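Below: a set of structures, written as C-alpha cells.
Look at the two complexes coming up: chain A is in both, with chain B in one and chain C in the other.
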Partner chain A sequence: MRNLYLISKEDFKNLCKNPMWLFYATLFPILLVVILGFLGKDSYGSEVTSYDYYGITLIIYAILTSGMTSANAFMEITIRKPNMRIIYAPGNANVIYLSKIVSTFVFSFLCHLFDMILLCTIYHIRINAIPQIILLFGMAELFSVGLGVMFCCIFKTESMANQILSIVINLLAIFGGLLFPMDGYGKIVRTISYLSPAKWLVKTSFSMIYDHDFSWFYPTIIGLMIAIVAVFIICNKTFRKEDCIC
Partner chain B sequence: MLVILKNDWKRLMEEKLYLFVSMGLTICAVVAAIVLTSSIETKGNIALILPQNQEISDSVTQFTKSQYFNVSILEMAPSKSELVQNRYDAIVTIDGNGAYSIETIKSDQIKTMIYATLENPNTFVPNMQSSRKIGTNIIGYMMMFLLIQGVLYAKLFADDKEKHLIERVIMSPIAFRKYLFGHAVFMIAMIAIPTFCVMTVAQILGVSIGFSLLTYGLLIGVLAILATSFALFLNSFFCVADTANMLGSSSVLLSTILAGSFYSFAKEESLFDKLIHILPQKDFIDFTNALEKGNLTSTIKLELLYVIGLSVVFFAIAVIKTRRDYIYHQ
Partner chain C sequence: MRKIMNPIVEVNSLEKSFGDKKVVKEISFDVKEGEILCLLGPNGAGKSTTINILCGVLGYDAGEMKYKGKNINSCLNDFKRHLGVVPQDLAIYEDLSAEQNVKFFASLYGLKGKELEEKVTKALDFVGLLEKRKDKAKTFSGGMKRRLNIACAIAHEPELLIMDEPTVGIDPQSRNHILSSIKKLSQHGMTILYTTHYMEEVEEISTRILIMDNGTVIAEGTKESLKEDIFDERQFILELEEDKNLNIDDFYKIEGIKKVEKKEQQLVITTLKNIENLDKIIAVVIVSKSKILNLFCRTASLENVFLRLTGKSLRD
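Take a look at the complex of A and B:
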C-alpha cells in the first residue's frame, strides 16, 4: 500500500510537469465549451442556454478522453525506464499500472473539477444534486482512466492504444450526443445512441439536474461499478511485467 | 521513393494487429457515418399533450399529419431534461376548451413558427434552404475521422524522428523532399483506399450515398491529402510522437466542429462566419454542398483550390522545417 502511494505521488508529479497534459486536461474542455456554446447559442433560448447543455456534455467528453492521458502516463518513453526499475524492486509489480490509474485519476479529476467550477461561475450553468453528479463523474473518470491503461496492457504499445482510444471515444461521443444533441434525429438514431455509455451518463445527469429524477442514477452507478471491476480484472490478466523491460 | 513506400509497408506489416485494428476502426467510422446520415430525420419533434377523451379540432388533426413536424401524442408532459436533450423541440398542451399553450426552451422564433402552423397547417412552409443533402452529410461525418486517421498514420514518420532513424536517412543519397513525399503517398493510400472500398460496398448494396463513386474518389482523395499534409506539418515540429498526436487530434476535433461539418452553426452572414473560412474544413464542406446542389460558382471552386493550396503549403513547411532541423547549415 505504501509502495502504491509513493509511486503514485511520483507519477502525479510527472503528470503535472508536462504542459501538454495540463493543457489537455484543463484548457481543452474549457475551449470546447466556450466554442460550442457560442456556436450553438442560436438553437437554444434564454431559459436554458446552450452553455447549460454543452457545459455538462463536454465535461463528460473530457472525462472520457482522460483515458488518453492515462495511456500516456503509463507507457510514455520517459517513464519506461522507471517502470523497469520497479519490476526489479521488491514488492508487487501490479503497482506499476495501479499507480498510473490512481495518479491519473487524481490529476484529471482535479483538473475537471476545476473546469466545472470555473464554467459554472462564468456561465451560470444550472446544476443540481451536486454530490451525486460528482460521484457519477468520479466513477466515470475512474472507468475511463482504467480503460486507457487496459488498452495499453492489451496492445503493449502506447501509441497504438492512444490512437485506437481516440477513435473509439469520438465514436462513442458522437453517438452519445456529446458534441451535438442526437435525440431529435428520429427513432433509429435514438435507439443507436443508447448503445453508447456516454448517452447514459448524459441522460442520468440531465434527469437529475432538471427533473430531480434519480431513477437512472443507481442503475448507471451499478453499471459503472461492474465496468470498473471488469477493467481492473482485464488489466490484471493482461499485464505482464516483462513488457516493461526496455 | 518506392523504397520508402515498400519500407513503410513492411513496417506496418510487422504490426499486423495495429494495421487491422486501425483499418477496422476506419471502416467502422465510415459505416457509422453512412448509417447515421441515412437514418437521420431532421423534422421538428413536438409533443402534443391531450387530456383523455378530448375532442380534437380539425386544425390539430391536420397539424399532427404535418410533413414538417414529427408529432407524438402523449398523455403526460415529457420531463424537462428531454427538452434539454433535444428530444422534443416544443410541448403543445391542449386544455378542455381547445385552447393551446406552447412550452419550449428554444428561441421565440420557433414558438411563433409552431403557432403559425397550428393556426393554418396547410399553408405553412418552412424555409428548407439551409438543409443539406445526403452526400454532404456523409462527407461531413467522415471528415473528422479521416483527418484523425492522418495523425494516426503519421506515426511512421514520428517513429523515424523519435528513434533517430531519420539521421541515418540523411546520410543516404535520398532528398528530403522525396523522403517525405514517400511517406505522404503511403499515408494518402492508407487513408483513402479503405474508405473508398466501404463507399463502393455501400454503392453495391444499394445504399443511397448521394454522389457517384468517381466524385467520392476525388473528394476522399482531397481529404486524404489534407489530412496527410496536416499530420506531417504537425509532426515536423515535435520530436515526441505523443505530443503531436494529442495536439493533432484535439485541434482536428475543435476545428472540424467549428467548421460546422456535423451541422452548420452559423446562420447569418457575420464577421465570424467569414473568419471561419480560414479553416480548410469549412471551405471543403461548402464545396461539397455546392457540388451536390449543382450551383458551382467560381468562388466555390476557389475554395477547393484553397484547400489543395493549403495542403501544399503544409507539406512544404514540413519539408523545410525537417531539413532545417537535421541538415547542418553554416
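Take a look at the complex of A and C:
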C-alpha cells in the first residue's frame, strides 16, 4: 500500500511537470468550449446558450480523453524504463498499473474541476445538483483512465493503445452527441446514440441540471461502477510483468 | 583472501521458451555468498532471460530456484528485499535529480526518514555523484547515468546485486570507475552476479565464471581453472636474428613440441603446458648459431577458451 502511494505520488508529479499533458487536460477543453461555443451561439437560445451545452458536453469529452493521458503515464518510454525497476522491488506487481490509474485520475479530475469552475465563472454556465455532477464525472473519469491503462495492458504499447483509444473515444463522443447534438438526425441515429456511454452521461447531466430529474442518475452510476470493475478485472488479467521490460 | 561461503541462490534445471524457441535449456548453477559470478556469453546466449527469471520478472517453464535453501516463489518478497538489480537499460527518471531518483527507488524497499537520507547519500557518494546530486539525470553523460543506475540499485544495501551488462556503450573512464566500484562492493561483502560479453571485464573482476551459449551453460569455473582445463598447451614466441642455420625439424625432437611455425623473424612454438622444455628449445637455437632478440610466452585467454568451446569468437 505504501508503494502504491509512493509510486502514484511520483507519477502525479511527473504528469504535473509535463507541459503537454497540463495543456491537454486544462487548456484544451477550455479552448474547445470557447471555439465551439462561439461558432454555435446563433443556434442556441438566450436562456440555454451554446456555452451551457458545450460547457457540459466538452468537459465530458475531455473526461473521456483522459484515457490517453493514463496510457501515456503507463507506457511512455521514459516512464516505462523506471517501471522496470519498480517490478524488481518487493511488493505486488499490480501497483504498477494501479498507480498509473490513481495518479492520472487525480491529475485529470483536478484539471477538469478547475476547467468547470473557470467556465462557470466566465460564461455563467448553469449547474445544479453539483454533488451528483461531481460524482458522475468522477466515476466517468475513473472509467476513462482505467480504459486507457486497460488498452495498454492488452496492446502492450502506448502508441498502439492510443491509436485505438482515440478512435473509440471519438466514436463514443460523436454518437453520444458531445461534439454536436444527434437528436435531429432521426430515430435510428437517436437510438444508436444510446449505445454510447457518453450519451448517458450527457442525458443524466442535462436531466439533473435543467429538469431536476434524477431518474437517470442511479442507473448511470451503477453502469459506470460495473464498467469500472470490468476494466480493473481486465487489467488484472492482461497485465504481465514482462511487458515492463524494455 | 576472502572466504567463499554457502550458496545464496541455487538454480536447478531451469527452462524457458518463447513460443517454439527454447532460450534457456536446463541450466543449473549457484551463486555463492561473497563472490563475483560472471555470466559470460554472446548476445542471445540467454543471459538476460536467466537474470529476468531470477528477478521474478519472467516466468519459467521448468526447473527450480532457491534463495538460501528456500524456493524463491515461496519467499519472493523476502528475496526481492535483499536483491538489487542494475538492468541493461537505464531505469531512471530523466526529469528527476540524482538524489530524487535514488531516494524514490530506495523508498520502495521500505527505507524512510533519516535512514533513507543516509543511505541515499552513501550510495551517491559510492558512485561518485554526490556533488551532482541536485542535478537532473537528463543533464548527465552516458557514464554518469550508468553510475546513477547503479546507485539506485545499491542504496538499500542488497545482499545480492545482479548487474546486466552495466557497461554497455560507455566511455573507458566510466567503465573503469564502474569496475572498481564492483570490486569495492564485493570487498564490502556484497554478492554479485554480473553478465557481460566483454572478456576483459570478466578477467578483471570475476571470482568465478559461467560461460553460456545458445541457452546452456557450457563451462563453469575460475578463470584460471577454465584456462587450465580447456587448454593443455602454451606457445613460445621467439624473435630471431641470423636464423639461416636453423632447422625446424630439430625442434620436433624435443619432448612435448606440437607445432613449430616460422613467421618472418618470429618462431612460434606450440608445446604441451606441463612439460618443461624451454631450455631445450633455447639450446637448439644456440646450436644453430641464431641470436634470440626476444622471447615471449603466450598462455590461453578467455577468448581462446570461448573459441575452443563454441567454435566461434565471442563477438561474432
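As a working rule, the second predicted complex is superposed on the first by the 246 of 246 C-alpha atoms of A that agree within 3 Å, B and C clash if a C-alpha of one lies under 4 Å from a C-alpha of the other, contacts with A are read in each partner's own complex, and residues count from 1 in each chain.
Quick note on the criterion: a residue touches a chain if its C-beta (ideal position, glycine included) is under 8 Å from a C-beta of that chain, and two chains touch if they have at least 3 such contacts.
This one's a predicted model, so the numbers in the text were calculated from it and none came from an experiment.
Colleague: Could you tell me if A:127 is touching chain B, chain C, both of them or neither one (first, second, both, neither)?
Modeller: It touches nothing on chain B or chain C.
Colleague: Once chain A of both complexes is superposed, is A:6 in touch with chain B (first), chain C (second), both, or neither?
Modeller: Only chain C; A:6 stays clear of chain B.
Colleague: Between chain B (first) and chain C (second), which does A:22 come into contact with in this model arrangement: first, second, both, or neither?
Modeller: A:22 contacts neither chain B nor chain C.
Colleague: Touch test for A:48: chain B only (first), chain C only (second), both, or neither?
Modeller: first
Colleague: Of the two partner chains, chain B (first) and chain C (second), which one does A:172 touch, if any: first, second, both, or neither?
Modeller: Once the two structures are laid over each other on A, A:172 reaches no partner at all.
Colleague: Between chain B and chain C, which makes contact with more of the residues in chain A?
Modeller: B
Colleague: Counting only touches as set out at the top, which of chain B and chain C does A:32 meet: first, second, both, neither?
Modeller: After superposition on chain A, A:32 lies in contact with chain B alone.
Colleague: If we overlay the two complexes on their shared chain A, which of chain B and chain C does A:88 touch? Say first, second, both or neither.
Modeller: second
Colleague: What is the shared patch of chain A, the residues that chain B and chain C both contact?
Modeller: In the superposed arrangement, which is not itself an observed complex, chain A uses no residue for both chain B and chain C.
Colleague: For the complex, give me every residue of chain A touching chain B.
Modeller: Touching chain B from chain A are residues 20, 24, 28, 31-32, 35-36, 39-40, 42-45, 47-48, 52-53, 68, 72, 76-77, 155, 157-160, 162-164, 166-168, 170-171, 174-175, 177, 179-186, 188-190, 192, 202-203, 206-207, 209-211, 213.
Colleague: For the complex, give me every residue of chain A touching chain C.
Modeller: Result: residues 2-3, 6-7, 10, 14, 17, 78, 81-82, 84-91, 241-242, 244-246 of chain A touch chain C.
Colleague: In the complex, go through chain C and note every residue touching chain A.
Modeller: Interface residues on chain C, with respect to chain A: 52, 55-59, 76-78, 80-81, 83, 85, 87, 89-95, 104-105, 107-110, 152-153.
Colleague: Touching chain A in the complex: which residues of chain B?
Modeller: It comes out as residues 15, 17-18, 21-22, 25, 28-29, 32, 35-36, 39-45, 70, 79-89, 104-108, 141, 144-145, 148, 151-152, 155, 158, 162, 240-243, 245-247, 249-250, 253-254, 257-258, 260, 262-263, 265-267.
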